[in-house]
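Going in written order, the chains are labelled A, B, C, D and E, and every chain counts its residues from 1.
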Amino acid sequence: MPKILKFDALVIGAGIAGLQAALDLADQDFKVAIVEKDATIGGKMIRLSKVFPTLDCASCITTPKMAAAAHHENITLFTYCDLQSLDRNGNGVTAAVRQKTRFVDEEKCIGCRQCEYQCPVYVSDPEQGGFSGRKAIYIPFSNAIPQIALMDVENCTLCGKCARVCPTQAVNFFQEPQDFLIEAQTAVLATGFEVTPLENKQQYGEGKIPNVITALQMERLLAPHGPYNRVLRPSDGMEPDSIAYIQCAGSRDKSMGVPYCSRVCCMYAIKQAMLLSGALPLADITIYYMDIRAFGKGYEQFFQNAKAMGIEFVKGKVATISEGENGGVRLHYESQEDGGGVTSAEHDLVVLSLGMVAGWNPDGHCRISTGSDAFIKTVKPKIAPTLTEMEGVFVAGAAAGPKDIVDSIVEAGAAAMEASKYLASLNRSVKAVA
Amino acid sequence: MALVDPEFTEELERFGVDTTLECFNCGTCAAICPLIYEHFPRKMIRYAQLGAKDRILENSDDLWRCLHCGLCTHTCPREANPGELILGLRRFVIANWRGTANV
Amino acid sequence: MSEVSEKKTAEKEAMKKLRAARKETIKRAADKMKKQKNAIKDIKKQLKDKAGTVPEIAEATGIPSSEVLWYLAALKNYGQILEGEKDGSYFRYKWAGNAPEDPGE
Amino acid sequence: MADENKANESVSESKVGVYICYCGGNISDHVDVEKVCERVKKVPGVAVARTNMFMCSDPGQELIMEDLRSGAVDRVVVASCAPDLHETTFRSAITRAGGNPYIYEHANIREQVSWVHHGNVATDKATRLVGAATAKAKQLKPLDPIRVEAKQHATVIGGGIAGMRAAKDLAARGFPVTLIEKSPFLGGRGAQLDRVAPTGEKVADLISELAGEIINDSAITVYTCSKVKDFEGFVGNFTLRFEKQPPQSAEDRNKIKEMSESGKGVGEFIPFVGVCPTEIPETSAEFAIETGVIILATGFKPYVPAQGEYGFGEFEEVITLPEFIRTLAESGKNGNVLEVNGRKIKSVAMIHCVGSRQIPGVHKEDETGHLNEYCSRTCCSATLHAANIIRETYPETRVFDFYRDIRTYGRGQEELYEQAAKNKVLFFRFEEAQAPVVERNGGSHGYPLSVKTKDILTFGEEVEVPVDLVVLAVGMEPNDISDLVDMMKLPVGADRFLLEVHPKLRPVELAVMGIMLAGTCQAPFDITESSAAASGAAVKAAALLSRGYVELDPFVAEVDLEKCTGTGACVQACLREGALRLVEMEVGGEKAMRAQVNPAVCTGCGACVAVCPENAINVKGWTLKQYEAMVDMIVSEESAA
Amino acid sequence: MYKPRHIIDLIADNVRKTRNPFGASNSTINKWWKDTPIQREGDAMLFTGLMYQLVPYIEKSTRYLERYEDSYLANYVRFGKYMPKFLVGLAVRFLASKEDKQKFNGMLHSIVKILTKSSVDFYYRQELDYYSGILLYDLGDIDGFTNHARFVASTLKENGVKKLVTVDPHTTYALKVLYPKYTGESFEVKTYFELVNFKGGNGTKQVTLHDPCFYGRYLELSDVPVKVLENLGIECLTVRNSGQFTSCCGGPAESISPKLAKEIGDRRIKDLQATGAPIVAMCPICMANLRKGGVEAEDLSTLIARCA
């Protein structure tokens, strides 16, 4: 019989939406468990450079929320855990959770990174867009929470150096996954998004054309402790003079099975363009787009500022990308405004503004269905937008459709409100019975 | 330019084309077309949307540049079927020629 | 004393089993590590005396330039490479004099 | 003896820890952080000085906590971004390490240094600021926050969808709520819609449901026809006085008339009017409530086009989208052609971005000198939704859509756009500087108007569309709440909407503590987003009320009774009623008048400090001595390069 | 560029008169079966649609057209229909070389060999083997196409034909997709390579496969030949723009603008030559157009037959 842990509320996903929902519940003195599949909390946001439209550094906003959640007396974090199932159970829900193996004893590890320094194997680091290497035993990144190492067994030679150097004997090659149950009265799904797979658009090279990168990779190039600490072209380390953004590279395109708008790409492209013009003042930056969707508070003004800064906006969807001269990248598009017709342009570095696809499919895990866009279905989208088909289970952030950070945070508050109302209603009925 | 004639897209339905207005003019078809020719085929599609019959007839020869290779249709983000649209316009033009010849 | 050594023997046995079970992964990882070591050695050789750009290092070592950059980034991450002056559109990189030796060597 | 020494020397013995943040490069790109650290180490009283990539991160905070726990430091200076971002972050870290949160001083070397200075100057200025903070930190004394009880009650101002959502949420969570609405009806602007994009739900159903819950909830008291007259107090203890009066505005009277004509009564939804929750008052009355938190949900109003803008006001065939939505809803289907006022409409032009996305130099300011530079977020979907309804209900009515960018960003909205294309809506795209022109048609085409535009989609050629009707997709403007803004000292942005503290850190809170904002008083939102914002505001209120008390920073005036001579100058100077007064007390066996502070009311502005002839009053945590120490340090050589 | 109207009228006229676009009788063009014994009864009828047979004529005549494109002589094309000998005389009597005819006929022989080796129960009746009319469809002469297709479809139906084995993408698309839509008659249509069911063989070499548009996109059959060759031990190298994203050889433009056809063909050849391996095509039009760009592609049929 697996051990059972009891909480008032359960939050699935520790991205910005999940953290905010958990904090809003914990601040009302409810006991909250957060289950996160990744080894660190912080979600996609902690991996970003700066965020629109205020250009705050993403870390400046995310780290305090991460720290607040990690240290909140009412919040318990379960990182590197998979949600196996979520079912209704009496008045509440039961989640079956599997603690994945870090091969490092979580109680013992003090995050000193001795193991990491000693490990002889370099592995391409997804946290750095694959542009740099980490070791086969590692801490995800410097502001990760918790600061616990984990081992990448696929790249481990079992040389044992990490175990020998660990001051607390935390390395455990024999660790097994642990299953446990969380019982709570209510749950919030904040399972987030993934970016549109590159393979969906053959014309854009499927990731095989050098110097064509994704916007999330560009976030890393722009981030303070990015792989190169500056923006360089990955094929040969050249500082690019000309950078292009391809909008709707993973959205609004039925030919790749993503008909909907991903809502954030226009703004993040504009934001990155602004950051780039700061980092590389002499570089030409071009954004190829169909419609600029700067709809949020301050967004249109942000867009107009970018235009005024000299960032070039070209109307037209790029049709194909091909390898150009000397590591350059050639884009083919129809120039609509100057009557130029079909033309092509070469850039040193090209960024695909990929869209959002659902981060988690509830099918087989819980009795909640998804919309035609594969995001979690909501049942009262207008006046109670966080309600799902399952009683007492609410949804927040990009789990219920593409959303930017501001909207995700606000919606997380709304989900927390629904959850706390649900808790209040249960407690009242309990009282009434008593 | 001439007035917009919205009836035309319905006229085109006779020639097997019913997606004329589904195109949102992103330009993918023009850029992916192996011809690399001006704004083709979007230009023709846009004229069809506007009902600019005279423009289509004036430029009708361009329609026969199309290879009917289907790349535009395959990559159209709106599934507006630009390739078939061109084919439909060819039919319209031929009917026009032949109709005119009969007069 | 004997208890300790017993425990050690048991551990050794278990490790042996684990090695056997993960034979293929270990082989793959070890091959990768070997390739990395050679590449790092070559890059280090190039940078021992003078700072170089990515294309220069790639040219001298025969390692594709994108991989050279990857190694430099990874090594820089662990303090073994320093970024130097900019030369045209490229930066020069140098071996960090006081950095600890690569533990893999 | 030893203790006494310690007390006397506490200042010089303070062990200050200085923690300097790289802020990822935000600071370190311009300030040589390591150099600042080296220099600061030499400043007297600095026990340790450390740097970190992100001091606010967990490992960064851990550095501070570890030094406190080990006793290496007992005063903390963090040099990083603006204090409004992270001061509380570091105070709570100190608390977690067992320290008093007020032994903390913040040096802003981002906004005040790295974002405005570059090179050596930046490093030098940062050093001086950190030095000054260190000098002050040495003088800091542990303080206790002021704890005030919070009234277990919430007030929501505005009875639209957002206001109702917030009120219902808080009531369901267990707090009594007062809902104040200035009109006789609940439902707000939402009630003036019909079916809503993209789900096609009827607002009648949505508003009926919410209003029903509000009316039937005994925890919610609704005051309609009511306006706030007076406001005072502070978080947890606000007092609102408001007046309930018989409806006076023409708009309200019209709606009441429509209500009586509809034959519907209290509690029922009346299309394009709303739900009247309670009898309409015939006499005026004043009420006062004491409340712990206030949620503003004062909503928006549609932009009214200027005379002549796209022919508005000149041609009767030019109307706004809200007007059209109502017309469309109320015109009974009668054949395959839309009829408006008995006129057959065979061709409709819809023009986007009217009163939104205005550009200085291109668009004209309104009579108050304002331009709406923002996007109104909802009009694209609303327009396409209306276009679809026309095409699906009246297949012989053509629709022509003139846009700048189609912004169907939300879930299900791009599908609306696609559906419009499938419904054979014809789109034209124009540049902001070359807006479409609406003109009287020569009459040759049998249509009263024509719309001409340079169409980007047609390679910049001019196209002309003859039409019977032009619908202007007008944007949103905030309702005029200047009375509330003045009364409550609410921050307003350049766009005239209420301004949140921070769009991500505190998106639904205002800088005035205890006041939240919900819905379109903050920015244009659709109903989904308004509801989410309202619930988001409610949850902040719930957290505040569920604690039962509010902790305020102890930075309030403090009287040194040994120095006070009771001149009363401070009371005269005090800007906040009730914060300072003279009271009779025994001094040296004699009765005398002395100044006394009410810490819950005092805002720590320091006006009293400036006027006291005896230097007998100080703001805690910001004493004159501390200021002097800072100034001394700034000009001293110790903190110089 | 030639006036499309002239070309269309010419071709439509030819098809109407002779049931093929060249205005020569089918029996003049279709002679490949004469030296190959094939049964006249069986399960599925081999339906060549005359494409392989026509290519040598198309090739020669377009080369002729190419010479006069954009010259004042181009305008005389419109008189072609009044002088049927204009093309017939040039193409059929003089231009199509015996060598070429043998080459393309040889491909059909290979297909027969492949089908036989795959134990397909097929038959051939040259009098029922008609041109599909696809060119008329492509050119937009929907009436001309429909009339011709109805004739072909009803002739086949009348003769009890239900299953067809096709040999080129254009005919396959016409019979499989267009005929049901425009004539109301449906046949069970399979391309010959879908019926290959033998393995092994002697090839370990690599080839560059050029996917025709109709197989790649319209019929989504590109995977099939790759598998067939894989089973024969032949590796198909990755070509830039292939499968559903294949790039046109330029062939379809040849009747209107041979220059354009060549330009597009040359671009495609660059893609194909990038792999370094010999180029294999599976459509007679592609073969001809690649050849114009200087590439002698092998036909899939002869490759399979050779390596089997």
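Keep this in mind: a residue touches a chain if its C-beta (ideal position, glycine included) is under 8 Å from a C-beta of that chain, and two chains touch if they have at least 3 such contacts.
Remember, predicted model here, so these are calculated numbers, not experimental data.
Counting steps between touching chains, the shortest path from chain D to chain E takes 2. The chains touching chain A as well as chain C do not exist; no chain touches both. Each chain gets a centre from its C-alpha atoms; the one nearest the centre of all protein C-alpha atoms is A. For this structure, the chains sharing the highest number of C-beta contacts are A-D. The chain with its Cα centroid farthest from the Cα centroid of chain B is C. Centroid distances from chain A, each centroid being the mean of CA atoms, peak for E. Centre-to-centre, using mean CA coordinates, chain B is 59 Å away from chain C.
One inter-chain figure worth recording: chain A and chain B are separated by 42 Å, centre to centre, where each centre is the mean of the chain's CA atoms. Centre-to-centre separation between chain C and chain E, using Cα means, comes to 57 Å. Separating the centre of chain A from that of chain D, both taken as means of CA atoms, is a distance of 27 Å. Within chain E, contacts with two or more other chains are made by residues 244-245.
Of all residues in chain B, those touching 2 or more other chains are 24-25, 39, 74-75, 78, listed in ascending order. Residue numbers of chain A whose C-beta contacts span two or more other chains: 203, 252, 336.
Touching chain pairs in this entry, ordered by label, are A-B, A-C, A-D, A-E, B-D, B-E. By the touch criterion stated above, chain E contacts chain B in their complex at residues 1, 3-5, 7-8, 138-142, 213-214, 217-218, 244-245, 247-248, 250-253, 256-257, 260, 264, 267. Every residue of chain E that touches chain A in the complex is listed here, in rising order: 244-245. Per the touch definition, chain B reaches chain E in the complex via residues 15-16, 34-35, 60-61, 63-65, 67-71, 73-75, 87, 89-91, 93-94, 97.
Across the complex, chain B meets chain A through its residues 24-33, 36-40, 42, 74-79. The part of chain A that touches chain E in the complex is made up of residues 202-203.
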